[in-house]
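See the structures that follow.
The same subunit A turns up in both complexes below, where it pairs with subunit B and then with subunit C.
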Partner chain A sequence: MSDETKPGLPSPLRRKLLMGMAALPAMSMLGRPAFADVPATSAVNTTGLAVTDSEVTVGILHSVTGTMAISETGSVEAEKLAIEQINAAGGVLGRKIKFIQEDGASDWPTFAEKAKKLLVNDKCAAVMGCWTSASRKAVLPVFEQYNGMLYYPTFYEGLEQSKNVIYTGQEATQQIIAGLDWVNKTKGAKSFYLLGSDYIWPRTSNKIARKHIENHLQGCKVVGEEYFPLGSTQFNSVINKIKLTKPDVIYAIIVGGSNVAFYKQLKAAGIDLSKQTLLTISVTEDEIDGIGGENIAGAYACMKYFQSLDNPNNKAFVPAFKKMWGEKTVIGDVTQAAYLGPWLWKLTVEKAQSFDIDKIAAASPGVEFKGAPEGYVRIHENHHLWSKTRVGRAKADGQYELIYETADLVEPNPFPKGYQ
Partner chain B sequence: MFGDYSISDLGAILAMQGFAGLILFSVYVLMALGLAIIFGQMGVINMAHGEFMILGAYVTWMTSNAVQHVAPWLFPGYFFIAMILAFIASGALGMLVEWVLIRHLYKRPLDTLLATWGLSLILQQAYRSIFGAREVGVELPEWMMGSWQATDSIQIPINGMFVMGLTILITIVVFYILFWSSWGKQVRAVVQNRVMAGAVGINTEKVDRYTFGLGCGIAGIAGSAFTMIGSTGPTAGQLYIVDTFLVVVFGGAASLFGTIASAFSISQTQSTLEFFLSGSMAKVITLLTIVAILMVRPQGLFALKVRK
Partner chain C sequence: MINSRFFNRSELLGFLALAVLLFLILPLSLDIFRLNLVAKYLTYAFVGIGLVLCWGYGGILSLGQGVFFGLGGYCMAMYLKLEASSVANTKIQSTPGIPDFMDWNQLTSLPFFWKPFHSFPVTLLAILVVPAFFALIIGAAMFKRRVGGVYFAIITQAIAAILTILIVGQQGYTGGINGITDLRTLHGWDIRTDHAKFILYFVEVVLLFGCIVAAQFIRLTKLGRILVAMREQEDRVRFSGYSVANFKIFAFCAAAVFAAIGGAMFTLEVGFMSPSFVGIVPSIEMVIYTAVGGRMSIFGAVWGALLVNFAKTSLSESFPQLWLFGLGALFIAVVLAFPNGLSGIWADHIQPRIDRLLASRKSKSAAGLIADGAPAE
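Up next, the complex of A and B:
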């Protein structure tokens, strides 16, 4: 490793690079040798990261085994696609991205251990990874101690900000407030029934939702709020309660296998989602695959990305994804956010002209990615993303139809005043 | 909480809530029956029970896909074929597992816990490798979805009634097999005294294998039926395993009747509490009650009188 980090291109490496370029027709479009302006490794890597003259190593840290594999598979696929595309377009500062993938195995201590391995042994210049808040909380001290950079893709509850993390998903207020305002304005909704799986994200999100409903929406009230243990599969009792209280909106933040049970039983109980408004922030196209489009058709979801978005970036992204991972795969909000990670990192490195973590952390605010499938995004000073919030309506074919999107980018606000 | 509602509203909710409890009861019985046979009758702690259920669910999913491609006219009735296939698949896998793994462990019942737990991990990863990590959606024929409108305000889920009917049928069949057929007598003889049963000419190995296969097969049917109300994924079996053991242990391991009584009491407590409290609190109180009762009566609700 130490040989390769010396400045200047040793000739076998140069040949390898040239061969690699010949294999990539896309490169010829650049019109000039990509490595002509490759900065010396010693200049862009002063902290001993795994950067050579031709390669830079990043880590991918998700669960591909265990319960969470259901959700995290899409993120892994998106990150690999982004890396492949970046390499095809010339890499980062003239260096090809090489990735090392580790399996968090749906186990939080394993995540921490693997994060340490990626940072300490492999010296990864960045890590794309984690999905649940629990896994992020487990690796956070590791990233802060060993000064790594994590690109975290999931929409989450907020209340966190770190120099060592870029949050590419939405935090809770971005996802919740616009949706509630929309349902209140267009549906005239006054009464809300809040549901959730029993852990930190749904509870924090519902807390924000309740504060917003009670303090900011005129004449609106919460008529029920309930939580179910993760993995719960029986919802008939709460469905009866919903029938009794007749809320204008069912606000559901149920996750995992419970989701499937909830929507199937809702339909079986005769609650027709074309008449009863249901707004969820936890069901992406990925989940609909398991639930079955016919069981959830008519429900509204509030997030920042839908596979059906009609813009040029997304029109290129969706076919590329399907070409790599199969015609049948679907792309949900988090998958798209995971795709942003490697791109934002590349753009930040190029802005900073350095792989050093401290310089990247400092250069991140203001980095914009115009090629994002969701449209334009920009990193905020608090390391979250400015992004639009959208409401979609589920169709029987498992896709969302875009109903509404905010006119402007919504500012991320991980520590919302008056909502805690 | 009832001040604002009319009597007829409350009546309708009471009726629907009653059915919700009965449906939960059927679900518990269905998932516990297979385990009750294996754990109760054979003393094998089968931690892979949930995975046998999910095998049934995957078989249902494959049948649904196959029928849609090959014979779409069959689709409305495919579920019955799927359940039979699920029984055969899970039963066959069960017998294979018994032959390879379990039969070496009858004298060490606690080790079956570890062995079958390992088996459950292997099966989960196998499902993940074969079917992918994502959940699959099982499409149901139109008539099995939606609800039956009993009156203006009372709706009963059709899939719930289907599960109830299925549970009753399977319970009757299991009771018939174990208590009236000659094979059932052999099973019970082996359970009570293996050496003696062998001495009077019962092929105990064969009885063991078929009993285990029967238990797993019923788990397969349960898994197949649960595609209507729950999810189908590599680890979905884990969602059921705790409740299943709870029902069997609380009922008294060796007693099938105990299993049914315990499923009834747990489901009624759970669904009533869920209505008045929140889902998580209902679960906490139900579990606490069970723990308290098991402290007083460690052998469960019903226990066979056995000379030790």
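Up next, the complex of A and C:
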């Protein structure tokens, strides 16, 4: 029986019927005969996901409207590029990836609504999406309840681990500790001034930074810690305090548009970043685009990826990205992490020989991606990535110059002991 | 069953149509995901009903209803969050037994204003009393000084902005910009299951009809007529010896309570609360729903909330990149072409046709009866 026999059914009912039928193991016999190297749909999809003999549906859930659109667009582009490349290479288990894109509209409840739609209505086999912690927190209960799989690209504060999420960005300790050790060792830094936008990620990150500075670095201390509302543009008073306390390092976790005001005011106040060490974990090439390279040149950033990385993977990735999305696009840390999502999912599905969420969740630990633009990455038991941490120095042309990278992959540790 | 003097014939028709739609048609035809979305849309209908009373009838335009929606929602969310943060659930934290975001922000004990929300009855009371009290303070401060019109609208906007900043800034106490998330059970009852969502939908619809009846009651009493009189000629009402300020405060408080009920239901339906429902943009959106539905019609407000949100969902699903423009165009078109909103379209174009149709059928059947019963001429 196919849907043509029931043309009069209202669409939700018809959709339900179709879904029910897709779940029937018998369906594969009615569909077109499977190719020898393509495993039968009934074998690789036992939970009724949107998988047919030739196609598999995934969701893309980012903000393409609203205040976050400027940050999240890069992630959408990277995910689409990865999907296109995977399809060109033969797809996943012989199936082409089809994506359904939804707009989170920079609004957390909309993210939850759309996540539910992608999982319940569209039966997406995986969802690449979210950017801010707030949007992830909003969709997390949805993914856990309906047993979906989310590939989340942003570096974030940690303190979270879920069977239903693969975190392709770095959690806070990966990003912070290596950078602080480096600045302590090579710059001899002893005093730190911590700055941040006022929300969970900067606060948690600075908490980890403070614990590390006070407990693990010999003779180092924090001389100040301050927070600013999101979108704040007044930094003069804190810049005066910095001038008075003269810290060895300004440790800045300011996000979004505030960065523009912060770095311009620093420069205007006569703080020369070629002499004053400033270490940030929140400014990628995307943000520099807005700040202006000349305003931030000389600052150090600690993250896992820079567009300028010199390795064969990245040398293939950057031109492919620019070819698809334009010469002027820049690729920041999160964009690269978003690019990993579809690839890691493909590799995991092929390792598990199944699209079933439970099997992917179980198969994820140990999955390695050798083609990552940042180099080699591997999924940890806690669903975060083993990855290298790098320090780059901003140049006036808006790119980072790689200064230091950890010798080994850094273990992700979302619930760090002694740092809470 | 319903006193025909309480509703006139067209209102009765509207009431029945809405009841059939919400109690029968939607639950029978939609799957639980879509039904839950309808439930979310309907939470804005509560705000709309309040706005009809206070703006449509009282002439008091409040651009800060998100404040009361948020207060109701946060009261409910605080109770649910405390229930979800039992010592057993939060044992990995430095301080077990407090909500997770407090632990992240280095709080080591529950703030005093969270403590009452351990109790369910106190929470229910707070959902109604806190917003009403807040509205009373704002209303008394404004209306006693005869601040009205545009100035009042601006001040309500400012209050919405202030409350958002307060919530975002005090994240250790409020959850900050993330809001209060991961809510699980209501008095031990898991609100995340499909079955619970189905029941919550009906609870909400019943409450909605309760609010419709309450609003209709207010409208029909002398109080409702004074509100209209006030809107048209405030000074005449004052010179007639009525205390205009007190009536305005009442209408504003009533609208606040309706909005708060909507907010509390929102938290239950969606499973979290965040400052993005408190600020200026959501407050204005709520006024738009009411304007599209027709600000003089209680039923119009419900239809407005339903249809605008439905359009929002379906447009954004079909055109992820362009939908906001479509929605904007829709608002402009409705307001330009039909200043009285959907209820205006109904009253001006559809109602007269139905009346004519009914009238002609009645006269036909009357003619038929005569033809049957009486000898032919």
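Here, the second predicted complex is superposed on the first by the 384 of 420 C-alpha atoms of A that agree within 3 Å, B and C clash if a C-alpha of one lies under 4 Å from a C-alpha of the other, contacts with A are read in each partner's own complex, and residues count from 1 in each chain.
We adopt the following convention: a residue touches a chain if its C-beta (ideal position, glycine included) is under 8 Å from a C-beta of that chain, and two chains touch if they have at least 3 such contacts.
From a predicted model like this one, the values you see are computed outputs, not experimental measurements.
J.: Looking at the superposed three-chain arrangement on subunit A, would you call subunit B and subunit C a clash or a fit?
T.: Subunit B/subunit C on subunit A - fit side by side.
J.: Kindly classify A:Ile200 by the partners it touches after superposition: subunit B alone (first), subunit C alone (second), both, or neither?
T.: A:Ile200: touches subunit C, not subunit B.
J.: Pick one for A:Gln353: touches subunit B only (first), subunit C only (second), both, or neither.
T.: neither
J.: After lining up the shared chain so the two structures overlap, which partner does A:Ala105 touch, if you call subunit B first and subunit C second: first, second, both or neither?
T.: Touch partner of A:Ala105: subunit C, not subunit B.
J.: Once the structures are superposed on A, label A:Lys117 by its partner contacts, choosing first (subunit B), second (subunit C), both or neither.
T.: The second partner, subunit C, only.
J.: Just subunit B (first), just subunit C (second), both, or neither: which does A:Glu226 touch?
T.: It touches subunit B, and subunit C stays clear.
J.: Please indicate which partner A:Ser42 is in contact with in the superposed arrangement: first for subunit B, second for subunit C, both, or neither.
T.: neither
J.: Looking at A:Val64 after the superposition, I want to know if it touches subunit B, subunit C, both of them or none. Which is it: first, second, both, neither?
T.: A:Val64 sits against subunit B and subunit C alike.
J.: Using the touch definition from the top, say if A:Gln234 reaches subunit B (first), subunit C (second), both or neither.
T.: First partner only.
J.: State whether A:Asn311 touches subunit B only (first), subunit C only (second), both chains, or neither.
T.: neither
J.: After the superposition, pull out the minimum Cα separation from subunit B to subunit C in whole angstrom, please.
T.: 5
J.: Does any part of subunit A touch subunit B in one structure and subunit C in the other, and if so which residues?
T.: Residues common to the subunit A contacts of subunit C and of subunit B are 64-65, 198, 229, listed in rising order.
J.: Residue numbers of subunit A touching subunit B in their complex, please.
T.: Those residues of subunit A that touch subunit B are 64-67, 69-70, 72-74, 198, 225-229, 231-234, 236-241, 243-244, 256-261, 264-265, 267-270, 286-295.
J.: Taking the touch rule as given, give the residues of subunit C at its contact with subunit A in the complex, in rising order.
T.: Contact set of subunit C toward subunit A: 29-31, 33-34, 36-37, 40, 92, 94, 100-101, 104-106, 165, 168-169, 171, 176-179, 181-183, 192, 270-272, 274, 276-277, 313, 316-317, 320-321, 323-324.
J.: What does subunit B use to touch subunit A in their complex?
T.: Going through subunit B, the ones touching subunit A are 5, 9, 13, 16-17, 19-20, 23-24, 27, 125, 128, 132-140, 145-147, 149, 155, 157-160, 226, 228-236, 238-240, 270-271, 274-275, 278-280, 282-283.
J.: Can you list the residues on subunit A that touch subunit C in the complex?
T.: Subunit A reaches subunit C through residues 10, 12-13, 16, 64-65, 101-103, 105, 107-110, 112-114, 116-117, 120-121, 133-134, 137-138, 140-141, 145, 157, 159, 198-200, 203-204, 207, 229-230, 415, 420.
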